[in-house]
Amino acid sequence: MLEKLKLEVIDAGKKLKEYKLITLTGGNVSGRDLETGYIVMTPSGMEYDTLTPDDITVTDLDGNIIEGKRKPSSDLKTHLQIYRAKKDINGIIHTHSTFASCFAVLKEDIPVISTTMANEVGGKVPLSKYAPVGSDELGEHIIEKIGDQKAVLLESHGVFTYGENVSHALTAAVMLEDSAKVYYLTRTIGKPEELPEEEIKRANELFKNVYGQK
Amino acid sequence: MLEKLKLEVIDAGKKLKEYKLITLTGGNVSGRDLETGYIVMTPSGMEYDTLTPDDITVTDLDGNIIEGKRKPSSDLKTHLQIYRAKKDINGIIHTHSTFASCFAVLKEDIPVISTTMANEVGGKVPLSKYAPVGSDELGEHIIEKIGDQKAVLLESHGVFTYGENVSHALTAAVMLEDSAKVYYLTRTIGKPEELPEEEIKRANELFKNVYGQK
Amino acid sequence: MLEKLKLEVIDAGKKLKEYKLITLTGGNVSGRDLETGYIVMTPSGMEYDTLTPDDITVTDLDGNIIEGKRKPSSDLKTHLQIYRAKKDINGIIHTHSTFASCFAVLKEDIPVISTTMANEVGGKVPLSKYAPVGSDELGEHIIEKIGDQKAVLLESHGVFTYGENVSHALTAAVMLEDSAKVYYLTRTIGKPEELPEEEIKRANELFKNVYGQK
Amino acid sequence: MLEKLKLEVIDAGKKLKEYKLITLTGGNVSGRDLETGYIVMTPSGMEYDTLTPDDITVTDLDGNIIEGKRKPSSDLKTHLQIYRAKKDINGIIHTHSTFASCFAVLKEDIPVISTTMANEVGGKVPLSKYAPVGSDELGEHIIEKIGDQKAVLLESHGVFTYGENVSHALTAAVMLEDSAKVYYLTRTIGKPEELPEEEIKRANELFKNVYGQK
């Protein structure tokens, strides 16, 4: 069941590897099926290169397993919390991508310092407070920080990105890391300035309404 | 029509990806056909790996579509402004390549600190003032800064490179990023000195007249 | 003999290359066969891409060659010292991976600043005192520093990682480099804080008991 | 003629590309045939991926073309100066590799701060004074600085490495860049110390006499 969504989740995992946002078996990807409301998620501790739809687990919003022989990612609980709280989020990606993680470790937000980040991440990425992996607090802290922007940093840990589908969550993951790298680099030799709020909005609107093929 | 130029534009896009100057669907490439004066441009929001000549749009200098089923890049307008103003430019590339973008974000020029940059970029790369993507001002600010050198930085955004054909614009894009990286790295631990003006000229002449197969 | 273990050792070498933890013929990998107690090790100065089981040397714990036509790695002696001293270590990897080596050169430990390093390296990575390659002192200094964590830095040299099998040593090598990179990056622009000891333990327990497929 | 040496030169070029020490058509490789004394060199401005033995030029020590349809590298003159002055050098590689070039731009030597650099580069890499590409002075300044170590930096330009054959020059090029990166990184956050002279000698002897298969 849900073969198409499973393949989207697997493809996103492979892209994360191609763009070097995940190392070995780190990170995870999930998607929500709009019809059944079921969640489709990558397995715990398996490399993305070799995943097939049979390795992907289907659960309901409470984590009851509907289909699948693999143990789902140990972050399933956190993904489910987010899906229950945010009805318009249908794709979630978690990584420890290097430059985003730097600011999670430094306990800082990532501001919007270029049109690229404005376009594709949509706003300043806030830091959510530390909580152990798998705890209820971890999900609660993330949900508090979810806004118009497509990513939240996890203190001393990594980053969650999300969107209206898996593909949007993937674009946010890749472009946030790109932008976080430029922000890091400029920080070491200068004082990068934030884009004015109206330019962030304008760039994001352009991205939503003008960019891409329909 | 213009199959050969379309393939040049596609190949340049693939090289930009190979050299990691573009991420996902970022950036764009165009070329001018010397005979018809038409402009050939990559589509908006599509990945470069899978482009075929059918995905490339042909327009006249005013942006009227001559051929093509895809929406051209949202930066077409800016490319056309440059082609109208600069008759000797026949290839243009836009990227958000990491190290060049750092100086665009820091609102600084990139000086010539090595013979490599003198050879293949041809001079100091100036910063053009911020203007929103797609605005008339963006193209005007770039055109003001076009000179003997083959690149202009866009404040808080990225970089345009150009040349007498697509291949020259591509070489400038790749070698500028290489040089911007060395400039960045040296800035973090020291004070890189600019090459004297006469050495820049000498290196650039050598590159034009001695380097390569005829 | 020991074909399966030889293939594990070769595969680990190829992964080290894929993750760019080794350059040319640098680094080495060994494993202990639990039944015979023999040690299986990569050859000296050969590239990992082309290794076959015939290139792998089998020795006993005193370095007597049991099988193999190649000269084993010049670090065999140090591996054997570790295997003799630590009965629960059955896989050892040596690299000069870039970011771990930075702290070896700076003569500093690498603290745990993120849950990723807590999970998969298991604790602060200490520096062992300088000793020439191949000397008895080199092995002794490393052994002194072996603890619950899965890696030890070698002053002015590189890093050893180890585990209950080759695969665990490999995971430690890859994830330490990942974590060392984030630690390095955060050090250049801020003051990364260590995770509290109880969070390190909690994360490491989670990794051992919850993470992965059984 | 000299097919084997031509293939060695081409293979070295491809390795330089694989290790990202050259960008586009930058850099060059040459080798001396011990029997005829002829020099075999890569062509000017061609990408390394597609080179065949027919693209390689054979000259005598004075630059008279013995065989080949391509224009040889614009640095041929400098290579020939070195071969005439140093009878024990039979392979030369020139690159603008990123981290070595940083110190060339900063007009600093690269000291030996790790056993890896001691092993495979053999000593501190000195800076040679600026001279224009293709000038007699460029070769003279390099030759003045050639010593036991296998590389010389070129002020505001790049690096030459060399050895008793092409393969040794290649190892020096790759391992210098690796070591220059660690030196750069440690410089940004600390004060890397030089290895004592006796440890450099010891490591280099080990590399020459113990390391590798015979």
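Going by the order they are written in, the chains are A, B, C and D; count residues from 1 in each one.
Keep in mind that, in the parts below, contacts are C-beta pairs under 8 Å (C-beta built on N, C-alpha and C of every residue); 3 or more make two chains touch, one makes a residue touch a chain.
The chain list, named the UniProt way, goes like this: A, B, C, D = L-ribulose-5-phosphate 4-epimerase.
Remember, it's a predicted structure, so these values are computed and weren't measured experimentally.
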| item | value |
| --- | --- |
| Self-contact between copies subunit A and subunit C, residue sets same or different by half | different |
| Most widely separated chain from subunit D, with each centre as the mean of CA atoms | A |
| Distance between chain centroids, defined by C-alpha means - subunit B, subunit C (Å) | 44 |
| Mean-CA-position distance for subunit D and subunit B (Å) | 31 |
| Set of subunit B residues in contact with two or more other chains | 188 |
| Chain pairs in mutual contact under the definition given at the outset | A-B, A-C, B-D, C-D |
| Touch list for subunit C against partner subunit A, complex | 19, 113-116, 171, 174-175, 178, 181-183, 185-186, 188-190, 192-193, 195, 199, 202-203, 206, 210-214 |
| Touch list for subunit C against partner subunit D, complex | 23-26, 43-46, 70-71, 74, 96, 98-99, 101-102, 104-108, 130, 132-134, 156-158, 184, 187-188 |
